[in-house]
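Notes follow the structure.
Letters are used for the chains, namely A, B and C, taken in the order the chains are written, and counting of residues starts over at 1 for each.
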Amino acid sequence: MRRRSRFILSALAFGYAFLYIPLISVVIYSFNDSSLSAVWGGFSTRWYSELFRNTQVLDALFLSVKIAVTSATLATILGTMAGLALARFGRFKGRTFFSGMISSPMVMPEVITGLSLLLLFVTLQQLTGWPGQRGFSTITIAHTTFSMAYVAIIVQSRLVAMDESLEEAAMDLGGRPLRVVFDITLPLIAPAMIAGWLLAFTLSLDDLVIASFVSGPGSTTLPMLIFSKVKLGVSPDINALASIIIAAVSLGVVVAWIAMRRNAKPS
Amino acid sequence: MKAFIHIKEISKHFGDFVAVDNVDLKIAQGELFSILGGSGCGKTTLLRMLAGFEIPTSGSIEIDGTDITHQAPYDRPVNMMFQSYAIFPHMSVSKNISYGLRKDRVAKKEIAKRVDEILELVQLTELKDRKPDQLSGGQRQRVALARALIKRPKVLLLDEPLAALDKKLRERTQFELVNIQEELGITFVVVTHDQEEAMTLSDRMAVMDSGQFQQIGTPKEIYEFPHNRFVADFIGTINIFDGIVTAVDDDRISVYSDEAGETLTALGKQLVDVGQQIDIAVRPEKIFIGKEKPDDANDVCIEGTVHDLGYLGNRSLYRIKLSSGKIVQVSSQNRRRSVTRFLDWEDKVWISWKPRSAVVLLDK
Amino acid sequence: MSNDANNELWRRFAIAAPYLWLLVFFLAPFAIILKISLADPILAQPPYSPAFASDGTPSMSLGNYSFLLSDDLYAISYLRSVTMAAATTLLCLLLGFPMAYGIARSPAATRNMLLLLVVLPFWISFLLRVYAWMGLLNNHGAINNLLLWVGLIDAPLQIMYTDFATAIGLVYSYLPFMILPLYASLERLDMDLVEAAQDLGASRTRAFWDITWPLAKAGTIAGCLLVFIPAMGEYVIPYLLGGPDSLFIGRVLFDEFFLNRDWPLASAVAIILLMLLVVPIVLLQRAQARDEEPAA
């Protein structure tokens, strides 16, 4: 092991403290009986029970999860096709343009993506009558558009790292190209597709700005609901909600970590 | 010779780059044929055209009388063993091997029978349920071989079949590969950059450079009678002298070389004229070395000094400096056991060879 | 051969499906923004004038753009966005570089754990992470309470609703985007190179500037752009931490659109923001394209 200087070690310590102190403080506050953050009113779980009685929160959560699952699935299908096209189909007409267009939604500021999609939906409605109402379908389309870029990049880099002669070998042994995609390519890029799906799912659950643009009356996603509450200041039931999410994510990561280590060991 | 594989005037261009340049080749049924060349010489492109992964820019390929130039890889009676072996990492050994038969919808019973046969042939029966990541390099090589052989292809293509193995394993595997080929009688086409591998494996071989064949022949022909400077230089070590033809008798030619400072005689019925510039080449092991001038007047003899020497156990290598400054490599067998050196640095020596040991290289 | 036709069909489909999706839902919207930015706001549904008058003559004007130029408000908020985004990028680099370096030089077992800890906050809602800072920074928040209790201050400091709070929020949210690409290029860096430089007489600092820094350049550029570009258009952080008066271009766009319902002007703001970002976005795509092709 090479020596790390004191400077590097203190940067690491400061950096991780910076990343984690806010999260820890939210968890602590969530158990504060007082509704004022300044006062410690004693330990209590009342914000949690209040949260679970709040049907508004539960409705918004349900809508958000529905959108996230649908858009992540669509994004994984489209993104995988795009990744395959970029990594395996050689040169085709418009490839450079295609690859530029794939990665652009990732770097586009959310306000621009949101505004542009809303204007598209309004124009489409004028021309075709669809979408009659903005909500689940428009938010799902918007989320699919920007998260398919992430899936495409993840799948593409996995394919680039993968030995192309695996697919050639399958073809050499009599597998027709479409068959080979299902026999060889998809099973081998499955981890990348799962990672892409999870990322798309998180991005969708996380999005506030784009959803605010393209949603209509009556469709409030969880981030939109949270935002309308915290705009007015600290709100104790949001502390409880944040703590639940932190706990769920940490648990998921720990489980994934253990699973990965166990998988890595035998070989 | 009846051609089983007939490659006719085939070329492959990638943009401006000519990878394979108007190549003709006939390979007989049951032959083990190697294509030897450095990286970028076009040998892999040629192999990929045989497999169907590249479509030739011009020319055609026939196998057993059928034109397969535009057939898709999955329709060809040809299978390939890839350099990386390309073992499917998510399938067991037997699933890997049976893949080709499953794609051809062979009956399950038949598949099981043929998998068992081939597993026995490559001695992998005990490992059939293993996953690829639990196999050693040699075992992976045998899985790849079995997988490519199970469809009983008319031609098996092998891309650098032994390059991924360590030296000891490589020597053993070479002989196994030849035995299997002889047992099954399948035509093998091997691509390799390793001359030793090409020499030991092949019935015949081709030396390739810049997209063209420089010479085609048996390993012995290519080593002993290289056609040109490239082949002579590429295979083994050789001493080459520039010279001008001074006389042509019925079966021997005399060539004066400034580098040698002597007239060199060589046997040859080649069509050369007096005054023509040619090269004379001699392999190091064909040269005798001694402190006295040999008495056979027919031999070519040149005087020089020992510039460098190396003891390799079974033989010694000498680098002899001639008066022109030219360095000649000589290799001699150490037949006698001795601790003292027979020759030392700066010793005056005579080197000599028989005229029939010298090769005349026409085109440069 | 019908099978080959099938294969060709599949290839075409795999390219066409994502291609068309992006054309319709990504590229077409930009044409529409551009068109609407040239229209006039009207009281109707939708609230902008058609591109062609009823008699067929085009009715487009650069009026929105000249308005943007004439009112200082917009210039100031563009400028503020650029300065804040640049400051955020610099702070992220100053903190992120030593962290990425430290992670890359850790033993393999801890390295993955440290990396995971950098990524983990990313999986927790962005909004809630910004919200967490509201609880820390406000006048009755943990930081002020701590400082009061220690006795360093007598009255709560006004941290919340300042540029400082916005900067903290931005650095906090975008730090992982800086660390990850930096880590990727530092991890690939062969430490023997640094030792060779030291062996040849370079001091530790000299070796850093001669070897590590130039070789980590690709990661540095990617990291800086990945922070700068989204920070430019940020809306939530300045709103929640910078207070209602904090003028950020993302907020101006949002407010023009939702509060003033001036769609044409909001579109013009978006077009100018996009033009400011074209250069960094192209730079980023180039850097990533170069990274994809391994050096021969």
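The rule is simple: contacts are C-beta pairs under 8 Å (C-beta built on N, C-alpha and C of every residue); 3 or more make two chains touch, one makes a residue touch a chain.
Being a predicted model, the structure only gives us computed values, none of them experimental.
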{"item": "Between the pairs A-B and A-C, the one where more C-beta pairs touch", "value": "A-C"}
{"item": "Chain located farthest away, centre of chain A as origin (C-alpha)", "value": "B"}
{"item": "For chain A paired with chain B, centre-to-centre distance based on mean C-alpha positions, whole Å", "value": "55"}
{"item": "CA centroid of chain A to CA centroid of chain C, Å", "value": "16"}
{"item": "Multi-partner residues of chain A (at least 2 other chains)", "value": "176"}
{"item": "Junction residues of chain C, two or more chains touched", "value": "none"}
{"item": "In chain B, residues with contacts to at least two other chains", "value": "72"}
{"item": "In the complex with chain A, residue positions of chain B that touch it", "value": "51-53, 72-74, 78-80, 82-84, 86, 88-90, 99-100, 103-104, 133-134, 147-148, 151"}
{"item": "In the complex, chain A residues that touch chain B", "value": "163, 165-166, 168-176, 179, 183-184, 187-188, 267"}
{"item": "Chain C residues touching chain A - in the complex, by the definition given at the top", "value": "3, 6-7, 10-11, 13-15, 17-19, 21-30, 32-33, 36, 46, 95-96, 98-99, 101-103, 105-107, 114, 116-118, 120-129, 131-136, 138, 140-142, 145, 172, 175, 191, 225-226, 229-230, 232-236, 239-240, 250, 253-254, 257-258, 263, 266-267, 270, 273-274, 277, 281, 284-285, 288, 292"}
{"item": "Chain C partner contacts - residues on chain A that touch it in the complex", "value": "1-2, 4, 7-9, 11-12, 14-16, 18-23, 25-26, 29, 36-38, 78-79, 81-82, 84-85, 89, 92, 94, 98, 100-105, 107-112, 115-117, 119-120, 122-123, 126, 141-142, 144-145, 148, 152, 157, 160, 176-178, 181, 202, 205-206, 208-209, 212-213, 223, 226-227, 230-231, 233-234, 238-239, 241-242, 245-246, 249-250, 252-253, 257"}
